[in-house]
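Dumping the structure here so I can ask a few things about it.
Chain IDs A, B, C and D follow the sequence of writing; residue 1 opens each chain.
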Amino acid sequence: MSKEFFAGIEPVRYEGPDSTNPLGFRFYDKDRMVAGRRMEDHLRFAIAYWHSFTWPGTDPFGGETLLRPWMQGDDAMAMARQKADVAFRMFELLDAPFFAFHDRDVAPEGRNLSESIDNLNAIADIFEAKMETAKVRLLWGTANMFGHRRFMSGAATNPDPEVFTYACGQVKAAMDVTHRLNGQNYVCWGGREGYETLLNTNVKQELDQLGRFLSMLVDYKHKIGFKGPILIEPKPKEPTKHQYDFDVATVYGFLERYDLLKDVKLNIEQNHAILAGHSFDHEVRLAYAMSVFGSIDINRGDDLLGWDTDQFGMNVQEITLLMHEILKHGGFETGGLNFDAKIRRQSIDPQDLLIAHVASMDACARGLLAAEKMLDEKALEGPIVDRYAGWNTSEAKAILAGERSLEQVAGAALSLDPQPRSGRQEYLEGVLNRYT
Amino acid sequence: MSKEFFAGIEPVRYEGPDSTNPLGFRFYDKDRMVAGRRMEDHLRFAIAYWHSFTWPGTDPFGGETLLRPWMQGDDAMAMARQKADVAFRMFELLDAPFFAFHDRDVAPEGRNLSESIDNLNAIADIFEAKMETAKVRLLWGTANMFGHRRFMSGAATNPDPEVFTYACGQVKAAMDVTHRLNGQNYVCWGGREGYETLLNTNVKQELDQLGRFLSMLVDYKHKIGFKGPILIEPKPKEPTKHQYDFDVATVYGFLERYDLLKDVKLNIEQNHAILAGHSFDHEVRLAYAMSVFGSIDINRGDDLLGWDTDQFGMNVQEITLLMHEILKHGGFETGGLNFDAKIRRQSIDPQDLLIAHVASMDACARGLLAAEKMLDEKALEGPIVDRYAGWNTSEAKAILAGERSLEQVAGAALSLDPQPRSGRQEYLEGVLNRYT
Amino acid sequence: MSKEFFAGIEPVRYEGPDSTNPLGFRFYDKDRMVAGRRMEDHLRFAIAYWHSFTWPGTDPFGGETLLRPWMQGDDAMAMARQKADVAFRMFELLDAPFFAFHDRDVAPEGRNLSESIDNLNAIADIFEAKMETAKVRLLWGTANMFGHRRFMSGAATNPDPEVFTYACGQVKAAMDVTHRLNGQNYVCWGGREGYETLLNTNVKQELDQLGRFLSMLVDYKHKIGFKGPILIEPKPKEPTKHQYDFDVATVYGFLERYDLLKDVKLNIEQNHAILAGHSFDHEVRLAYAMSVFGSIDINRGDDLLGWDTDQFGMNVQEITLLMHEILKHGGFETGGLNFDAKIRRQSIDPQDLLIAHVASMDACARGLLAAEKMLDEKALEGPIVDRYAGWNTSEAKAILAGERSLEQVAGAALSLDPQPRSGRQEYLEGVLNRYT
Amino acid sequence: MSKEFFAGIEPVRYEGPDSTNPLGFRFYDKDRMVAGRRMEDHLRFAIAYWHSFTWPGTDPFGGETLLRPWMQGDDAMAMARQKADVAFRMFELLDAPFFAFHDRDVAPEGRNLSESIDNLNAIADIFEAKMETAKVRLLWGTANMFGHRRFMSGAATNPDPEVFTYACGQVKAAMDVTHRLNGQNYVCWGGREGYETLLNTNVKQELDQLGRFLSMLVDYKHKIGFKGPILIEPKPKEPTKHQYDFDVATVYGFLERYDLLKDVKLNIEQNHAILAGHSFDHEVRLAYAMSVFGSIDINRGDDLLGWDTDQFGMNVQEITLLMHEILKHGGFETGGLNFDAKIRRQSIDPQDLLIAHVASMDACARGLLAAEKMLDEKALEGPIVDRYAGWNTSEAKAILAGERSLEQVAGAALSLDPQPRSGRQEYLEGVLNRYT
């Protein structure tokens, strides 16, 4: 079935910048060396199982549009196996180095938790077998604890401790599978770890529950020897009115509060960033500044819409700034660029799924190449170093090191008349336009 | 001059709910006992010097509209003295228990920092004298380190250490004056502690500078014996594109990071809350949950506008939820309700200034009374306690206390099928409407 | 089945302001006379079939929560009949004067258009029979031309004329049924009459198609003798990125352009208003100013969320301003207050459905009573008349009537120095607070 | 003085894509032929007098930063003359083909309207003389009727007819000067033609006033033989809460209502578009679709900020879509690209002013070149034509021409089962990325 779904489509190859083939790469040339690594090892693309294989094209006002063959049958496990075939065929066509999944994406909910876990493990067996011969690896696994009605008021933050308990059961199984498949990270997205109305919510209690849940998960990870980090994925709202993992700064404070900074890092998404009122670049910078950077969900939202559109990332300039930041810090460690992006519900042809990935992979490759050049030429870093150069004097360093009191510094102020210097924003915007 | 400005206006008195006099209180009855305190001691209103006496009615597209007599002269110190007279007359007319100011609101910038400090001290002498006989006290003082061009790229976070130094000099003087006038708190609003573009910004460096600056201020406060807390006032943006004190959660993380939680609390504003994508109630709840609640700027923004409109708070239901939260925690300690609100620039008559305060004070008083009743009748607290009651079992407590491992809890999950319970949001909204 | 769904629930009655029964009215006293009409005849509440009976509690990240008995079977027509029983039972319990529906809410999509129309007619037969004895009348009918995948790129604005044709067939049937059931209006909501991306869209062509479609519908309405207006319901976005019926002003221009002003009016919704960046009051005012006011969808959105939350309207002050405007213009003609509001997906108990309606009906009744009083006392209208009084001079009238040229008026300007007068915004906000 | 302000700066020249000189053009090569015109004749850049020469660097929280020499003196007319010298020097350095101004930008407000007009005419004399030898022409003139306090409640829409009258006097003088200087358009931006609160506003009255005002202006334009169009510039809000010229669609409806479509067109700005919830491309497309396109204010807003930032347009892809639309319609007629953009208040050096213009002019030139190529290769137009090809059948044309009734078309629908076709959004996004 899987070959038929992508019938007549050849594996996507690098064809060079002049190609007009939407199923050929113009910039993504996996073996090209960039800043000391192969391009593939820099970008570490992961295909997301949920958007690409599990979403039927619905939206809040409309039903299924995509009519995927593997969603039309009654035997849920048979469908899950068909889906796996299509997925691995797509990984092959795109030559994708990684994939990622939620437990419920890959295997159906059973009649009870045990059966659900059995279903998951059965599909994991298939994955394990396929992964022996395929190139693709698992970037991360996660548990869907927001779709089923039992989680309507949250999983770890549910007012009912039975739901918390159930969530422990589910997350353990998802962690076990991720570990078995050599996942490089384990992700927590708290889709319903928030509230719909404060009128019925005990915020402090819920935060404490969430802290406890993550602490238990961290302990377990160590116990089983899972090496990768736990990644929290901030999102400010949607589906709930307010989510506790609002943005990078909020999650940082939460990790400090519950003493989780050592084991938990962040998975940052463009669309979630802008819903929180931040640029993508801001969130990534802040995560690095606070040493909690982990991985990226590479997509884009619509600046004029107030919900998660999860469109394919195509903005070369934005991606350039992302890659500039990542390269500056030495490139990804365990993280990668996960395509948390779905084709539009009107993009109903099989090739649309591939074309979207190809176009976005190319945008990322362009961004990587531009970032490398900018770093090499110190196009942005040079002016920043100059701007803060005053802080390199020994007196300035002493102040920053806490070796001066307020009175001491205040005394020095009396004779000063500091003169402002140009911020040169338009100059720097012009520089950026030179590279993108 | 001051008497003439409010010529013919009598002190505002409590007149009861049926009054239609816009210069009479309908609900604010200062001596009425509410939850164990006089109403005045609960609400702790403060008049803001800047909006009421220093803002001329400009906006980004238009000039002065208010034409205040004390802004029309050439002798800046004479003008400052006139302004002080009008201000204290207004405190008297409104019977206001507190006021608040920035250094530059009350006294003009001098030719250099020494002269600026001298100006400030000269006006503080006048205040000190007036406060001996007047009822009004100082809720807090602060330093304006965002208006002058030297601060265009920030004060504590400036790329130039000379500006940081200058800011130390200015903040020390403002703290000294606040201490001398028995201010109950000292506030820091980081209006330009942020960035216009990441292209020219070293985020980590700037955060470290800000942490250092506050640490020095905290040390100094202890040294001089200032008893009140330092209050940070979160705001996500405006004037800059992004401010580091984005919201309550962000500031909490910052305080954790720079070890300032013991001495620094938060001053929360409605308009800043909504600019950050949060309800006012959310920010207040979160501050209490994290033990950083300090004080309130009571105003309102326009839900459909993207900038700080600083309108007078008139939304009784919103204020009821605010007071409900504050009463639940025993009422204000050092904080109060500061009117960080300005009349519209079209409200050019002297009485508009008073009418606005009266209407908002009444809205707050209504909110306080409604909150008291709701707490007495456990209208909201009762249902919340019920909703989380499951967490009172010994097993649930053990989980939350960290006495259970993930495997233990996961094992218990296998036999569970948790059933969701109604969140009852519409019921609770109806309840709230019963009280407001 | 239907009685069992609301088992043990008695019809909701007026119990007076002191009632604390969430299933009793505190303010909605249907026979009370208000401004010359019975309260019921003013408010003209309609229950929306879709939200109350057809929505299963899904959201973009979660499945069904409500588990309605009439959604659990395989026989779609049997389910539709069960649903009708429950619906009419609810109309009775709430003593609702009206209801409203889309074709696909009440009867299932068939294997082809003919069968779909047959299904619709079969349910309409049931409605017709029930309506003979029930009190409830049909406020309006409409066609769902956005849910099925054939409409994924629009109905009237589809690039494919076959879809346009299909939409004609569907809308004719929905109009026929609405006419048969004595619907007082016919509504068009253009959920997908917009675009996802301009990259694939011919805007002018699509607008022309939409104009043509509505013109055909207007002609048909006259032909069959349908007396009520066609109502367009503006919404700026969601589900599509941009909808052509963006807001009141946009639809007004569209109606002018395609010469539809005589036959088409507007159905205005609070949540759509704020998504378009307008207050509810603004949209209603503008519709009256341009003589296109028709009816109201009474709900509320969340000011901090960017999507249609369709919550029950509970904001008494906002509703007061709405009713003030409607009363000022003599009350509804064919329109009414349609509950385009859904309970939260966590409100899973049958009584939640009733409690939500009761609480919102009471909020509307409070608003109506407050509006009546404000109008009687000219609380807002008096100051407005005063403010514009200058335009009552004969010269000012002549200018406005077009009897003066620019030079003439400009000449008069040379000797003028107009002095601004206070806008008195805070005074008026205080007045409004006196009534709400 | 003027030469000294830009001391040491040479006229900016085309240097080719490899240039790294921020004061050299990389793409703007004025004589290069593009789609049948010289590049300069396509882009028709205009320098805005207000942002570049009149704004001192203030924002709502901070004072002057730019310290322009011509803003530091007491003799307002002498300052205005100095400013004119600097302005014309900058036009020369940038080789700008056009400029644009408000009356109050170029000459100071006098003690009364007559003196203000005299001041304006005196500076116009200077302009006239300079323009005889300089290359620069006037793209448009306009009147600032929003800055002075007399306009705080609007100009044409003021509740006081004296202000309306005054506005007539002022606009006549501005039109006269624009005509004298051979302005190619006359622009109206209704900065305060809106409201702060509906509580004190008669919307219908104000709209009628605005319609009358524009009708008088149109009559006058014809009378004096001014050939260019009147341009309205839509903006949804800021400074007021709501402006009547909200967006393109709103203004279109307004022009229809007051019968102004023949003489009035639109001046569209990117930053105003996004504040209204639209993409720039949307507004331009809609204006062309409704035949009201006039001219462009080329700037950009910040997608995450809710106010007018008026930054220099640097987004090549956005500008490409703009130029694609304009080229598709044959290029500008009377309009052009006006730099309604201000340097950041931290960009305090004289060269920042030039660098900003150069970088944005280059971004526009890149956009123009990319658009030409896309049109030549039918990159976007080809797929659009294909998508709507079904409407080319004679039956489809007959439907659209109004030759079919609803019943006729509905009859044809019964046998149809229209199949959706892919919208190909990601493919088209990839195509766009190939050109930009």
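Here, a residue touches a chain if its C-beta (ideal position, glycine included) is under 8 Å from a C-beta of that chain, and two chains touch if they have at least 3 such contacts.
Molecules present, by chain and UniProt name: A, B, C, D = Xylose isomerase.
None of the values given here were measured: they were computed from a predicted structure.
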{"item": "Minimum number of chain-to-chain contact steps, chain B (Xylose isomerase) to chain D (Xylose isomerase)", "value": "1"}
{"item": "Shortest path length from chain A (Xylose isomerase) to chain D (Xylose isomerase) (each step joins two touching chains)", "value": "1"}
{"item": "Between C-D and B-C, the pair joined by more C-beta contacts", "value": "C-D"}
{"item": "Centre-to-centre distance between chain C (Xylose isomerase) and chain B (Xylose isomerase) (centres being mean Cα positions), rounded to whole Å", "value": "39"}
{"item": "Separation of chain C (Xylose isomerase) from chain D (Xylose isomerase), taking each centre as the mean of its C-alpha atoms, in whole Å", "value": "36"}
{"item": "Contacts with two or more other chains, residues of chain D (Xylose isomerase) listed in rising order", "value": "65, 149, 152-153, 196-197, 237, 277-279, 304, 344, 346, 348, 420-421, 423-425, 429, 432"}
{"item": "Of chain B (Xylose isomerase), residues touching chain A (Xylose isomerase) in the complex", "value": "112-114, 149-150, 152-153, 159-173, 196-205, 207-209, 212, 215-217, 219-220, 223, 236-237, 242, 246-247, 249-250, 252-254, 256-257, 276-279, 281-282, 285-286, 288-290, 321, 380, 383-384, 387-388, 390-391, 393, 395-396, 399-400, 402, 404-407, 409-414, 416-421, 423-425, 428-429, 432"}
{"item": "Chain B (Xylose isomerase) partner contacts - residues on chain D (Xylose isomerase) that touch it in the complex", "value": "57, 59-65, 67, 146-149, 151-153, 191-192, 196-197, 237-239, 241, 275, 302, 304-308, 344-346, 348"}
{"item": "Chain B (Xylose isomerase)-facing residues of chain C (Xylose isomerase), complex", "value": "20, 22, 26, 65, 274, 277-279, 303-304, 312, 314-317, 343-344, 346-349, 352, 355-356, 358-360, 362-363, 420-427, 429-434"}
